[in-house]
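To keep things simple, chains are lettered A, B, C and D as they appear, and every chain counts its residues starting from 1.
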Amino acid sequence: MTFTVAVSGASGYAGGELLRLLADHPEFEVRTVTAHANAGQPLSAVQPHLRGYTHLTLKETSTETLAGHDVVFLALPHGASGAIAAELGDDTLVIDCGADHRLESEQDWADFYGGDFHGTWEYGVPELPRMSGTQRTRLAKTRRIAAPGCNASTVALSLAPGIRAGVIEDRDIVSVLAVGPSGAGRALKAHLLGSEILGSANPYAVGGTHRHIPEIQQALRWAGAAEPTISFTPTIVPMSRGILATSTARIVPGTDAATVRAAWEDAYAGEQFVQLLPDGQFPRTADVLGANTALLGLAVDEAAGRVVVVAAVDNLVKGTAGAAIQSANIALGLAEATGLPVNGVAP
Amino acid sequence: MTFTVAVSGASGYAGGELLRLLADHPEFEVRTVTAHANAGQPLSAVQPHLRGYTHLTLKETSTETLAGHDVVFLALPHGASGAIAAELGDDTLVIDCGADHRLESEQDWADFYGGDFHGTWEYGVPELPRMSGTQRTRLAKTRRIAAPGCNASTVALSLAPGIRAGVIEDRDIVSVLAVGPSGAGRALKAHLLGSEILGSANPYAVGGTHRHIPEIQQALRWAGAAEPTISFTPTIVPMSRGILATSTARIVPGTDAATVRAAWEDAYAGEQFVQLLPDGQFPRTADVLGANTALLGLAVDEAAGRVVVVAAVDNLVKGTAGAAIQSANIALGLAEATGLPVNGVAP
Amino acid sequence: MTFTVAVSGASGYAGGELLRLLADHPEFEVRTVTAHANAGQPLSAVQPHLRGYTHLTLKETSTETLAGHDVVFLALPHGASGAIAAELGDDTLVIDCGADHRLESEQDWADFYGGDFHGTWEYGVPELPRMSGTQRTRLAKTRRIAAPGCNASTVALSLAPGIRAGVIEDRDIVSVLAVGPSGAGRALKAHLLGSEILGSANPYAVGGTHRHIPEIQQALRWAGAAEPTISFTPTIVPMSRGILATSTARIVPGTDAATVRAAWEDAYAGEQFVQLLPDGQFPRTADVLGANTALLGLAVDEAAGRVVVVAAVDNLVKGTAGAAIQSANIALGLAEATGLPVNGVAP
Amino acid sequence: MTFTVAVSGASGYAGGELLRLLADHPEFEVRTVTAHANAGQPLSAVQPHLRGYTHLTLKETSTETLAGHDVVFLALPHGASGAIAAELGDDTLVIDCGADHRLESEQDWADFYGGDFHGTWEYGVPELPRMSGTQRTRLAKTRRIAAPGCNASTVALSLAPGIRAGVIEDRDIVSVLAVGPSGAGRALKAHLLGSEILGSANPYAVGGTHRHIPEIQQALRWAGAAEPTISFTPTIVPMSRGILATSTARIVPGTDAATVRAAWEDAYAGEQFVQLLPDGQFPRTADVLGANTALLGLAVDEAAGRVVVVAAVDNLVKGTAGAAIQSANIALGLAEATGLPVNGVAP
């Protein structure tokens, strides 16, 4: 059967990527695309790369335009999705690509976002190890899904296997990320201008202020961490897409390298979209460009007493839109990989 | 007075950058440029951006062509400088931009480089804090200088003040770097092709194998570290030049944020080429492009118990050629900043 | 029915892109991948982004390994495909992504390539206007196809409609192209290093020496040109993929702007993969990244007496691998668009 | 003697580059920097790469803050400089980096800019060939200089020698440029965002609408053209700075290749900042990054009957700020090259 689909926020980067991926999904039919400032324009005027959608015009984002679809993807600014979702029927599958429903802790929400707390939906990272099993089972049959923060899910997938297996400590984790500017969306900000981005690496949110930190800690607690601490620093580098996350954690004393590695091998042995590379190999972001794949490489640094996990993810695909569709597939009982590319566009 | 200068390895990136900087140095006169495979060619055929040197032709690299100059810069592959330097007179100022004379420990050399140990020269990072004073005093009047590894000096400058002041621990340091491919030189390697580099972030030497690790540890010991450990991961990002090093270390328990920050402020208060940005500001690599400046930003992450220092350096200038010239100025008794740019080329 | 497929040159950029696209083709099954220097290695060691092919190992390129497939794609260096093709059965569909069989004129071959002339196969650009109809009809049922040169087909598609309609002159055409370095393949050449490509625009083959010139002229003659002349200059710019071709031709005096535009509108009215943008819109290469789409924008410059056509193409897709698969679909009687993406990966 | 200097528009890209270059100028002392929205801020907050100016604070742009300096550089939006200049004394040297005073023809101004016509100042491209001599002589002792449009001066320098020597025709010139986004300034526009610029080539002002067209035609008329026509297309490519202009013109029939080449050789034989590369060599924009150098390569394409001139210029230096300072040097009777770099920052 075919599910009818609406995409709100279709003029943004996440919305555009949802549409690009949905074009190849055999069970979904995009009926409605909505936007805010660009409502009324042809979609192709705003997303000229989406040549398969030249028949669509952007409508206003409202419960009226979104109602009546089987699946509604929300790619809206933070704080905008709660009210809309409340108006959509309980049998409508709603996937929120914003942050509103990711956090369980009202205190975390207050500390890092502020404003009204919107409640918690199922977290859209199927492969994420939990103390028993994975996040996947929680997504089956739910009708409310919170697509992950791109940086948060990349780091969580990088470290959760070690936490669950008890081979790494949850204190004193360090993650440094090289990320493309598309993760910041289409906002007109001076530091996102091409002239500022080209030829330069730019840190931001240094020193523990990034909003994805509590999301990472929450995921690590799901895997068994008691009270994880993480030093988290993202840096914008000159590639439009991609996250290369280098995460390190202290190895539990007395654990040998093979045991460390086995924790990740076991966690992702059966996964199609989260793959651990062979020993000595490490991923590049180009390897996952446009693909719903998270590629991990792992090294044990005995001198430093740390494991180093390098993860490559396309922030707009496995980090956002691909995760949303993968989770929707699960919730609807479709084959999980339906319509999702595994091969990157390289070079 | 004017000092005569020879630059060997003038067809490489470090050699080219030495020449670019030397062109604006009022006390140095480049008389001789040498190369290996490109000997016999006009310099401008190999370094077409050096329009001020169109009169020079590359000679063979040999003691004959290098002898008779006041200053000789060696920008040669590892292992090539020792024999040449031995033949140059003791009164010739020799600055080696290669790794041969950086390490004090023969064991470190054996572990990370291998082959004959070449002995140790004065390390060319004047601002580097030592237990008392700085490296600067050791450079005065020496005639043998080892220019630093670009990644190593960037990380060392980032953390040494905290070590010397006793505000950070020397165990469990983590550094992750975004670096441009010019740091790898002009070698014809598949992973350095433009098609592979563009649009991608690529890790290398993951897990404690990078040759700059012992060099960092040595510099931290000079600042007072007992037995420093460091998890060090460089990633190549799509910018031709630049290092953005994110380094974190555990704060000694009980040290407040102001005390932490004061360690760096004190260390670099009088420095022209190593500057700590005001609280809340962090550097971009574009800010130091083409300049002999290391820009540092610092944050105290109390939740993580770590200080985060982000440093931006142009790997070819403050990381290599600029450090070499700055050190040469000191050794010759010139004003330290002679001929060295402090402003970056941005955007 | 499913056609069995072999891809030779699978370790190169064109070969890799064939495999990426074939992964989504429902009627093709890749059985064999071959290479030269990399034979014996797992495909994923050389093409780490192709996560869906981790079961394949590269074999030697030979008639033995290639024989017995329904379809053979050759992505080999110039001069290597003729001998292999001769050994494959006449009923095998062979698509050559190299230049060996593109040119009809033995003199052109001698002037621009040299060496043995290999004969001419059907040119794999279905939409190319010919004096009557399009190239498409020639591809039906052929078993030998020459995939186009990426620059050549981009320029030919840009100008052939105007030639056929008689609205532009065939003398004094000028084309200047911004191209990504992947068009030059994976060759280890100093000017293709990332450090040389990043932050720079680099011309090459200036002054009428590029090998795609006779291929363009040939295509324009097919559209009715008598003796076309073209000033053709490619410049490498810092993007891994993509061609942005700016082509101008003199408008036949007395032709009004609407008539000029109509020539292109008519030529591509029914085409899915070659699209003329509305008046005033022009394409970006990002719009076609990873897609089999050629996007054209057209302006009439009355003061200059010239039409300007700007075309964006992904050199590896519509410029090479996508064109090859599209042509193969036609030759095999499949729906022409089978397995080919029309939406670009942007931003 | 030292001249006191004020720079208005110091928070923009042109203003920043003026300051970077003036820092190395031994005869100029920057006393005042002014801005509009950023007035009141420390200069280093807006231009963090200018580490040598941390003592300066941005003042309001007004005749009060600018008066009393020997030299005033105006880097303001179009239309803003006329009124200010009128208030500054006739003995103040005023260099306008905006477009207000470049065009001689009030009709051209009306057609391409609109609004009040501001009159014409001496054009700041000293090397530009005129029917007799160069533009240089007109700059001596003037107190009002219009710095050139970056694209316009690049194309004018590319073709004027051939016009003056009578070896190329002035009808049917074609120029296509690959340019970095910094030429568009720091304006917050969606198409200038890093995500849009990275990995893509984007045309703009296609079809004869770019404001630099009449400026080019004016310069060619100065060299002897009667009624030049030019098809001019700029494309933004992913490099922060730089112009690579490919310009072609029809060779006057009967002119041999050596005669063509000699026109350019003669025109620039004595020039330090405009250099013609040897036959067969062509410039890259990286070769002139940060330098006041225009590098030209020239080929005669006999089959096409055209000369092709490829020129590389840093839009912010030789294209704007360097041209302004070079012209100021001439006007003040200083050595023309004072304080201006000739070597590019590469790689």
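Everything that follows uses one rule, which is that a contact is a pair of C-beta atoms (placed from the backbone, for glycine too) under 8 Å apart; a residue touches a chain by one contact, two chains touch by 3 or more.
Everything quoted here is computed from the prediction, not taken from an experiment.
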| item | value |
| --- | --- |
| Pair with more cross-chain C-beta pairs in contact, given B-C and A-C | A-C |
| Pair from A-B, A-C or A-D with over half of its contact pairs in common with B-D | A-C |
| Interchain centroid distance [CA atoms averaged], subunit B/subunit C, Å | 45 |
| For subunit A paired with subunit C, centre-to-centre distance based on mean C-alpha positions, whole Å | 35 |
| For subunit D, residues that touch 2 or more chains besides their own | 13, 182, 195-196, 198-200, 238-241, 283-284, 286-287, 289, 346-347 |
| Subunit C to subunit D touching residues, read off their complex | 172, 174, 176, 178, 195-196, 198-204, 206-208, 229-233, 235, 237-242, 244, 246, 248, 250, 282-287, 289, 297, 299-306, 308, 310, 312, 346-347 |
| Residue numbers on subunit A that touch subunit D, as the complex places them | 13, 180-182, 186, 188-190, 192-200, 236, 238-240 |
| Complex contacts: residues of subunit D adjacent to subunit B | 13, 16, 19-20, 23-24, 47-53, 182, 198-199, 240-241, 275, 277, 281, 283-284, 286-291, 293, 295, 341-347 |
